[in-house]
Amino acid sequence: MSHSHVSTTINGQAVQYACPTDASLLEVLRDQLGMTGTKEGCGSGDCGACSVSLDGRLVCSCLVLGVEAQGRTVDTIEGMADKNKLHTLQTKFLEHAALQCGICTPGVLVAARSLLEKNPDPTEQEVRYWLAGNLCRCTGYDKIIRAVLEAAKTMREEQA
Amino acid sequence: MAKIQIFGSLRDLFSGHDVVELDVSNLRQLLIKLPQLYPECAPEIAEGVSVSIDGKIINDAWFTPIRPDSEVVVLPRIVGG
Amino acid sequence: MQYIAPTTSAAAVAALAACNGDARLLAGGTDILVRLQADLVEPDLLVDIKHIVACQHITEDASGFIIGAAVPSAQLGEHARLSQVWPGIVEGMGLVGSTQVQGRATLTGNLCNASPAADGVPAMVAAGATACVVGPNGTRQLAVEDIPTGPGQISLANNEMIESFSLPPRPPRSSDAYIRFIPRTEMDIAVVGAAVNLTLDETGTCTAACVVLGAVGPTFITVNAAAEALIGSQVDEAALQAVQNACSTAATPISDKRGTAEFRKHTAGVIARRAAIVAHSRALA
Amino acid sequence: MSAQTKQFKVIGQRLQRPDGIDKVTGRARYGADIDAAGMLHGKILRSPHAHARILSIDTSAAEQLNGVMAVITRADFPTPHKGFEDVQDNCMAGDRVLYDGHAVAAVAATSKHIAKQAIKLIKVQYQVLPHVTDVEQAIQPDAPVVHSGLVSRRVPKGFSENVVRYSSFGHGNIETGFKAADAVLERTYKTEATHQGYIEPHACMASMGLDNRADMWVCTQGHFWIRNMCAGVMAMESASLRVTASEIGGGFGGKTTVFIEPVVLALAKKSGRAVKMVMTREEVLRATGPTVSTMMHVKVGMNKAGRITAAYAKLFYQAGAYKQATVDFGAMPAFAPYALENVKTEGLDVITNRPRTASYRAPGAPPACFAAESAIDELCQELGLDPMEVRLINAAKGGTKSSYGPTFEDHGLIQCLEAAKAHPHWQAPLEINQGRGLAAGFWFNFGGETCVSVFLNNDGSVTVTEGNPDIGGSRASISMMVAEELGIPYEQVRTTVTDTGSLGPNEPTHGSRVTFAVGLAAIKSARAIIDEIRARLARMWEVDVTDVVWQDGAAHYTGNKAGTFEPLDLRQVADIANNLGGPIAGHHEANAEGAGVSFGVHIADTEVDPETGFTSVKRYTVIQDAGKAIQPDYVEGQLQGGAVQGIGWALNEEYVYGEDGCLQNTGFLDYRIPVASDLPMIDTVIVEVPNPGHPFGVRGVGETPIVPPLAAIANAVSRACGKRQVDLPMSPPKVLASMQKA
């Protein structure tokens, strides 16, 4: 298996790695860089647990090759809090008990952030459809949806 | 004498009785006496049963008291998910 | 496996030609990465087309729209003009997978993967879209409807690639729609899909129409009888009923884990009728 | 003070869980999130056949591949300890593979890539045998037999040898009861197998020294059971295995047993290296433990007043390739919500060429409840009766002799039904093509083996050590109970789930037991600390211990020298603990009996598209008796999550087997669990009828919520589309076909 050398930016930091050309970005993050906050639930783009942003666009990192990150920016759950200050979404997830086992939570948070960047005032239906690719088996989604809507409201108020 | 209720399919292990009366004062004595008096139930008892004593399902606690007026029901062993 | 990311179509095609083993193109990667992970394919060369400028953009001029082969679905939806003029194409591709998959999946991949259930394809066929195909001997235009030839089969040669798609200019009072049936609200493969593209005259009479079904045959099915029922009509109840009947008749589905043949045949008509209603209301708007 | 009247300071508040920040920042470590120096990657070769004899396995080419450090087959496993034969056979096939996906061999290699290549180099010769995967086919006298000689004596004649167990329950005389009925309904219902669908695939890492002592890191609901099972399968002493539970990414019963863990241990032993294995999603669906599939005959009689005069159910549960007892847990709860004079249920356990079933939230109850509650609902329609009133008329109460034998203690079914009746949802208008379904459901709940230690730290903070992996916020609930008991703030307590080397044995996080049983043990541990403090202070103050009381987080002297001694709070006591004899700790080890039963009532509104049979859930309300909600958010979370899993079971989730006996839907694409856009908000009402078996009145809440939804949705769909639904899942093709039938 041939390797490729990749220079990229992850959570604002310049990062270089050499990875097998068939390794997914998810494998690179988890196995090579030790960034295990991004989870694997299916490996086929059906569960969203591995959600990251690639050049600002929400993707499943299991469906991106590690080599494709060359020259691009990747944002993961590990970069969501601003040092010791949680992102509003993270705070609202805790306040609304929007997680049980927590395995889907990093992916849901990354996806929700991506939604609120594009649409700061989504309806419940918009949140539900945007997050349809983030499977959660514990919560029945109720508290997740409430937390996202609450976070959106708080973030709008902070902006205003 | 405590009245031990035997349910449905377990009855043929107890010579067809739906109630058997035993002089026992706790679960351990019950689990010892039942197979002595009704050897056919021995494999079931050995495999593990739950026993409801006065509405509480007891899986293992041998010293759970059985009073003469206690309701005692022998059940398959309860598990959960 | 070797990975390259050329910046021109010519370089990409040359790399395909030079490879002795299994060479494959990488656009959004939402199909090939799944197959790579499952060991269903083990290519020797992967040619990423996302760095080719001609593949990256959506442009509009007098001759219509050109959509680059590497444009992901999300970018289609963000393009206001394309969404306004060809809502059916945008919504078809917009149904492929999750938001995450939308960030990557392309019309090209959806077409060339050649799944009978591809959501992006029926509306492209109904639109009369053409593909700009680059090969070792230069460039040719190929109708999208001539590309899929069977499940997993396409008419392109191994050393050819699609650079972009062209959508024809749009007469006034034209629109399209794509609707699919799935058992959930999202995240499923189409059990039945239907695209309707139509044009009305000033009186509201349908002057041109194309009705295309997905997931009810080895490839998409163009239902001429349904189009004929629409053309010349006011897209009234009689015409819609005729569309429904024609589509149910034309569907040749199989029974599988996603639905029975009977169900698909029936639902093909229902869904096509609903797509016609949506396309019609959009054309009137 | 009784649980009803006690005023709580901490309990009942919506406090945040201690593991929350780690889980929203990606810091929490799950099964696949750990590595060790020199670690190898394990991979399992699985059977492509539903049933076959293994003629030979040639591993030589795999062994020669560079980077392969161990290849194992069943020959590498010892004779297991008694009772672990089936567990071992399910983890690694012997002379036969019994289902598609059954493990045949495994490798450990220096990379995942090499492990994958090595698997492909193992050559297995199979002699394919006839197979059966469908419950109805499996019971036919001429069906292919999965195992010979397992049939227990009490199984009625006329079936194939795949029907291996029989049980029955009930009282009264159902024939007399049916004669007294104004309407008698008889129906056959079917349900398909489902999977727990936890998002985290099974993962495990093991290393073993030359002394055969091993350490394991496992995502599991119960690491003590993982230890016991691995020891049983590998014929080891439990003490030589130390298992640490990772954070767990969902389990729902499916992670209470072993699949890959003994295999990883065997690879670690053979390679002498640490080995990690993570299942793929395909492996999870093919080769872990789904639920039963069922065929159920039900007969219910009702009079015009709405009284159920007799109820009968005969349940055939397909439980996979090994003998199981799940059918008993369908037969017992089926009619448990009702006070019946004449009731009989029979259960038949059927083995097939499918994976060995595992527990899934109230294992066995949801299908039986679907059948029973559907029949009752249809009788209500037939007799023109209100389904809520009929349930209220027949509802079991404290003192009712239950359908499975014991007489119920007080429980909250009536209160749940009253709350449902009073809920705005029950009276809300319905639109065209919509229907409303009602169902009640029951689960036993359970306590079991539990050990907890509580330590007073030098600064007065409190460490609680327990042995139950936390799935839904139990560390918070346990900290809250300890804080309540000690009279200190929640933040002063930290609860940790410890490894098997640090605490006595604990049953897994199953049976809705953790908040009840671990909570009970934690409270008793806290009380032991209080008693120790009282004794030490009595000695210091030179007073009678009975005059030292613990109140509001401090020791007070209440004797006749009152005013002489200032109260001492926990931090002050901690400060002088060493002067008073040394560290202070409390612990409690018990077999926690006294779990209270749990009832729930669900209301579902669905809309059915008459042209496609597509069902959408428009509104859903869960009402359940929690005894006492320690942290209401987490109780609601259980209610909502369980309901949605049941909705998935009702509508779209199913195992699809082909003619070849192989599973056809091995990914989340076609194993269709509900997604966010499929659902409305899930309303909840928590009813609190305290469980006398717990100091704060706690009842387990985790499992009951999955019992009623299958029936609630089926009743709603049946009423929406005008055709009674008897076959789950109610996928659109099935619903449409039923509507098109005359």
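Note that the chains take the letters A, B, C and D in the order they are written out, and that residue 1 is the start of every chain.
Everything that follows uses one rule, which is that a residue touches a chain if its C-beta (ideal position, glycine included) is under 8 Å from a C-beta of that chain, and two chains touch if they have at least 3 such contacts.
As the structure is a computational prediction, the values presented were derived from the model and not from experiment.
Just to note, of A-C and C-D, the chains joined by more C-beta pairs in contact are A-C.
Farthest chain from subunit C (centres taken as the mean of C-alpha atoms): B.
Averaging C-alpha coordinates per chain places the centre of subunit A 29 Å away from that of subunit C.
Subunit C and subunit D have CA centres that are 44 Å apart.
Note: centroid distance subunit A to subunit B, computed from Cα atoms, is 55 Å. Annotation: 68 Å between the Cα-based centres of subunit B and subunit C. Shown for subunit D are the residues in touch with two or more other chains, namely 252, 668-669, 674-675, 677. Residues of subunit C in contact with two or more other chains: 38, 185-187. Working note: touching chain pairs come out as A-C, A-D, B-D, C-D. Residues 38-39, 181, 183-189, 191, 257-260, 262-263, 266-267, 270-271 of subunit C are the ones touching subunit D in the complex. Residue ranges on subunit D touching subunit B, taken from their complex, read 154, 166-171, 252-254, 256, 325, 328-329, 332, 344-346, 358-363, 404-409, 443-449, 510-513, 591, 593-595, 693, 703.
Against subunit D, in their complex, subunit A makes its touches with residues 1, 20, 30, 34-44, 46-47, 49, 76-78, 80-81, 86, 90, 93-97, 99-106, 109, 124-125, 127-129, 131-146. Interface residues of subunit B facing subunit D in the complex, by the touch rule stated above, are 5, 7-10, 12, 52, 54-61, 64, 71, 73, 75-81.
Those residues of subunit D whose C-beta lies close enough to touch subunit C in the complex are 116, 120, 282, 611-614, 616, 651-652, 656, 664-665, 668-670, 672, 674-675, 677-678, 731-733, 736-737.
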